[in-house]
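In the two assemblies presented below, chain A is common to both, partnered first by chain B and then by chain C.
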Partner chain A sequence: MKKDKQVILTALLILAFAVVPFIVDSEKSYLVYSLFLFFCYIIISQAWNLVAGYTGQISLGQHAFFGLGAYTTALIWLNNITKTGYYFDPVTILLSGLVPATIAAIVGIPLLSRLRGDYFALGTLGMGEIIKVIFVKGGSITGASDGLHLPSSVYSSIRPYYWTGLFLAVFATLLIYLIVRSRTGLALKAIREDETSAAAHGIHVLKYKVLAFSIGAFLAGLCGSLYGIYLFHINPDSVLKLDWTLYPILMCVIGGTGTITGPLLGSFFISTVFSVADIYFVQMHPVMAGILIILVMKFMPKGLIGLTQRKEL
Partner chain B sequence: MDANSVVIRLERICKRFGGLQVLSDVDLEVHEGEIVGLIGPNGAGKSTLFNVMTSLYRPDRGGIYLLGKNITGLPPHKICRMGIARTFQLVRTFLKMSVLENALTAAVYGQQHGRKNALQTAMEALELVGLYEKKDMMTVHITLSDRRLLELAMSLASMPAITLLDEPMAGLNPSETQNLLRVIQRGRNERNTAVLWIEHKVNAVLDFCDRVAVLDYGLKIADGKPDEIANDPKVIEAYLGEPHA
Partner chain C sequence: MLEIPNLDIFIQLLINGILFGTMYGIAAIGLSLIFGTMRIMFLAQGSMIILFAYVSYWFFELLGLDPYISLFLIVLIGLGFGAGIYHGLFKGAAAQEDKNISLLIAVGLMFLVENLMTVFWTADPRTISTGYTSLVFRPMGIGIPFNRLMGFIIALFATTGVLLFLKKTYIGIAVRAAAEDMEAVTLLGINPHRVNSVVFAIGTGLAGIAGVELATIYPFDPFFGFIFVLKAMIALAIGGIGNVFGALLGGIILGLLESLSSFFIGGGWSDAVSYGVFLLILMFRPEGLMVRSVKKA
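What follows is the complex of A and B.
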């Protein structure tokens, strides 16, 4: 009974989001753009949530996978590789998820088998920097620091971005939900709780860590692809900046890591704060965000999701 | 007992940490359905022996054979699936998972084949240790002695050929202890599971086990029937010569 109700409510909520562009003037309204960002934030924060919140591996390299996704889209498009139309082309977007996922699996095996805890975090940070350098030094292939320009004349409306973002956000959330409730989820959580004990109970620790890392990269790559075709100008400063790692961490921590709704709440909260800050305190939102994080951490150590849970001593 | 029923055989296991020789040429055999006690003063190397058997540590020398197969150096998860389950001296359950999820994890990943009936296996194991009522609780919210029982349930859920118990009675009250002994006995009677059992309560071991092995400073100084062990001068010396808690 209760579960049916939840499903219906969720479906209605998604539907409500889906019709927003019909109600407000999507090309002029700031709301549609803000919600588009909100959806992007959901995708990358669910990605980080799987890797860190559920599997316990604090990755600081999510921006690299986000950037790889954006660059994959640009390179496929500009080099006319798949011949599939490119603009909102599902094949291109999918490949932009699969390329980072593959790279994550390849670099994840040495990183995750050798490095634990803080060292893994530093390792992923280093990986992000190396990938950035590769793109900066990539010469004419990657456009170096100026990056790549996509033909922006194809742009006609923000609506396809909005709906694709909504779709991917729902997809990412549903994917994580299904994974963590499956048997794979048991392995991930066990690894988070105690790696040695997990191994002693029959779990192939490295395999599941790499799997989570790779799925996280896949989602970040999808988001990077979508954001890349929104920007039309893909360069290291825009798609490979550390913000794409820090924002999801921020949103997960504020909302509540290791839960499904936490990152949703956190993304909503942060995108609202950023939007308000953009309007009223131009260029001040890092300061606002900083203050808010401190306040949330001080008064709600479990994140916003903690508000909905019973108080325990 | 004939050689075919040997579940696990350790051959001249050596392990040192830096300058400290923790295990020296330890030989040990446990047979099908046998309950063997492993006793010895603090720091004798008992837990280290378990860690070597489950491949958390690699022995410097020596071999480990499970059901005749050499398993030395295999990764821990494989060893678990091949049939060695264990508990830890300092309980290592998964705290932010429910009691059932803990047992289910062991049933899904710890068994060789049997993913199909994992839920049933997990439920039965919880029932056996008396934790069925608490199955939906978060493990962080149950008592330490319940967590010990949960770890025992997890080891049962992986359907092992042998269970290694590292001081399972520590911190349990008498009725919980009785329950634990019943569970161990049932595992043996119903599934012929062998048990290797580290315990500080020497009397419990002498009463309950089929055989007892004694470690002292990494050397196996005795191995035999409980009454032989109780009267062995070397064992008495190891215990009396060593102030222990």
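What follows is the complex of A and C.
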């Protein structure tokens, strides 16, 4: 019975979010924009949550996949590759997820087979920087440091962004939930707890690690694509900046890593803080982010979820 | 792009690479010491360096203090500041098994310092230009910029100082022992917090030296710090963790790598080359190029 209740509550909550643009004036309201960002944050934090929270591989290269997603969308659009509509075209968005996922699998095999723990984290950081240099130096194909400009005349309302964001956030959370509850999820958690023991129990460690890394990249790419369509101007400074790795880490850690609700709580908390800070003290919001990480880590290292003392799913 | 340069340019590249690389080396020594006892990458090191670069910039602009004189003051400030950071922020987290907590506090600190600097000094690049900024020595026709030479000499002194401290003083020996086995050291009656705070103090003091060097050589802005700490990490990977002189050498190798690759392959690519080397070393020689035996990291 308790489970039914949870499902109904979740559905109601999603519905409530879905009707927000009808209630407030979506074109003028700051609320709709901040909720859109909130959904984006959920997608990338769940992506990082799967890789780091459940599989225990701290990746510092998520921003590279985020950027790859945005660039894939822009390149498909500008070069007219798939001959579909492009603006909120599901094929383009899906491809923008699949390209980073494929690249993650390709670079993930050498990185994950040879590097562990801190070294993996540093390795992914190096990988991210290399990808960034490739885009900055990409000449006319990637538009170098100026980046690519999408035709912004198609923009009419923020509503489609809002709903796509909501849909993708629900999709990401549901995907992670299903993975974690499946056999695969058990294997991932076993790897997190003790890699040697997991291997001894017949888990193909590398295969599962690469899978998790790749799914993480897929979700980050989807989010990058959506954000890229929102920006209309994709350049290395906007979509390949390290914030796209640091923010999800911040949100997962503040909410509680390795849980489904943790990143949701963290994303909500952080996006609220950012929005408030953006309105009242514009320049200060990264400063507040810094102070927040320090405070949370110092006083509640298990994250917000640790306050409720709930057991892991 | 691949032309054969004449010998003069080549030597010039080598010298510039070596002199610039010492700065990476100095930062890498700080990282290495902190990693030794705390087992974390102190990612805020780069932002600390930039912070001290700004402090020396202020000393110069507001008080008219020569950077090489304010260096001593800044090192003192750095030592105190480092110990303060440890006691204020890391003391609780250091005792915990989960190292990610300390790591994330360092990330938070980096964010905080970086953006506070943006608020105070804006994001415009700054540089200190003194009367001798453009001074160049020309022994045998090879140009050696004075400030880079000074940086090199200071770096050598600092490295020797740290080495002597680690070898000769009681607390220095305790630091080395703690890097081997923190638990055993605690059993011997050495206060781990004392060791950690000394390490932080030295790390931040070295950041002060690197900061002053940077301010006199190169234009800097608040966000340069993160790039800097990445470079220091590469230097550390080349030199091997826990090896003070190796870290300096790693920095110099990285400096050479950058100066040569930016000349032969083209400006922006030098970053890709250094990260590529970094990845290769992580994968195939994670103990570093200088170390013969594999130590526990």
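A few comments on the model shown:
Operating definition for what follows: the second predicted complex is superposed on the first by the 309 of 313 C-alpha atoms of A that agree within 3 Å, B and C clash if a C-alpha of one lies under 4 Å from a C-alpha of the other, contacts with A are read in each partner's own complex, and residues count from 1 in each chain.
In this text, a residue touches a chain if its C-beta (ideal position, glycine included) is under 8 Å from a C-beta of that chain, and two chains touch if they have at least 3 such contacts.
If you're wondering where the values come from, they're calculated on a predicted model, not measured in any experiment.
Once the two structures are overlaid, the count of chain A residues touched is higher for C than for its counterpart among chain B and chain C.
Using the contact criterion defined above for the overlaid structures, shared-chain residue A:18 touches neither chain B nor chain C, since it reaches no partner. Of the two partner chains placed around the shared chain by superposition, neither chain B nor chain C is touched by A:91. Once chain A of one complex is fitted onto chain A of the other, the partner contacts of A:287 are limited to chain C, with no touch recorded for chain B. Look at A:114: by the touch rule set out above, it reaches chain C but stays clear of chain B. Look at A:129: by the touch rule set out above, it reaches chain C but stays clear of chain B.
When the two complexes are overlaid on their common chain A, residue A:187 makes contact with chain B while staying clear of chain C. Of the two partner chains, neither chain B nor chain C is touched by A:300. With both structures placed on the common chain, the touch criterion links A:105 to neither chain B nor chain C. In the complex of the two chains, the chain C residues touching chain A come out as 41, 89, 92-93, 96, 98, 100-101, 104-105, 107-116, 118-119, 226, 230, 233-234, 237, 266, 268-269, 271-272, 275-276, 278-279, 282-284, 286.
Here chain B touches chain A in the complex through residues 54, 56, 75-77, 80-81, 86, 88, 92-97, 101, 104-106, 108-111, 115, 118, 141, 154, 158, going by the rule given at the top. Here chain A touches chain B in the complex through residues 183, 186-187, 189-190, 192-194, 196-205, 258, 312, going by the rule given at the top.
Of all residues in chain A, only 58, 110-111, 114-115, 118-119, 122-123, 125-127, 129-130, 133-134, 136-137, 242, 246, 249, 253, 283-284, 286-287, 289-294, 297-298, 301 touch chain C in the complex they form.
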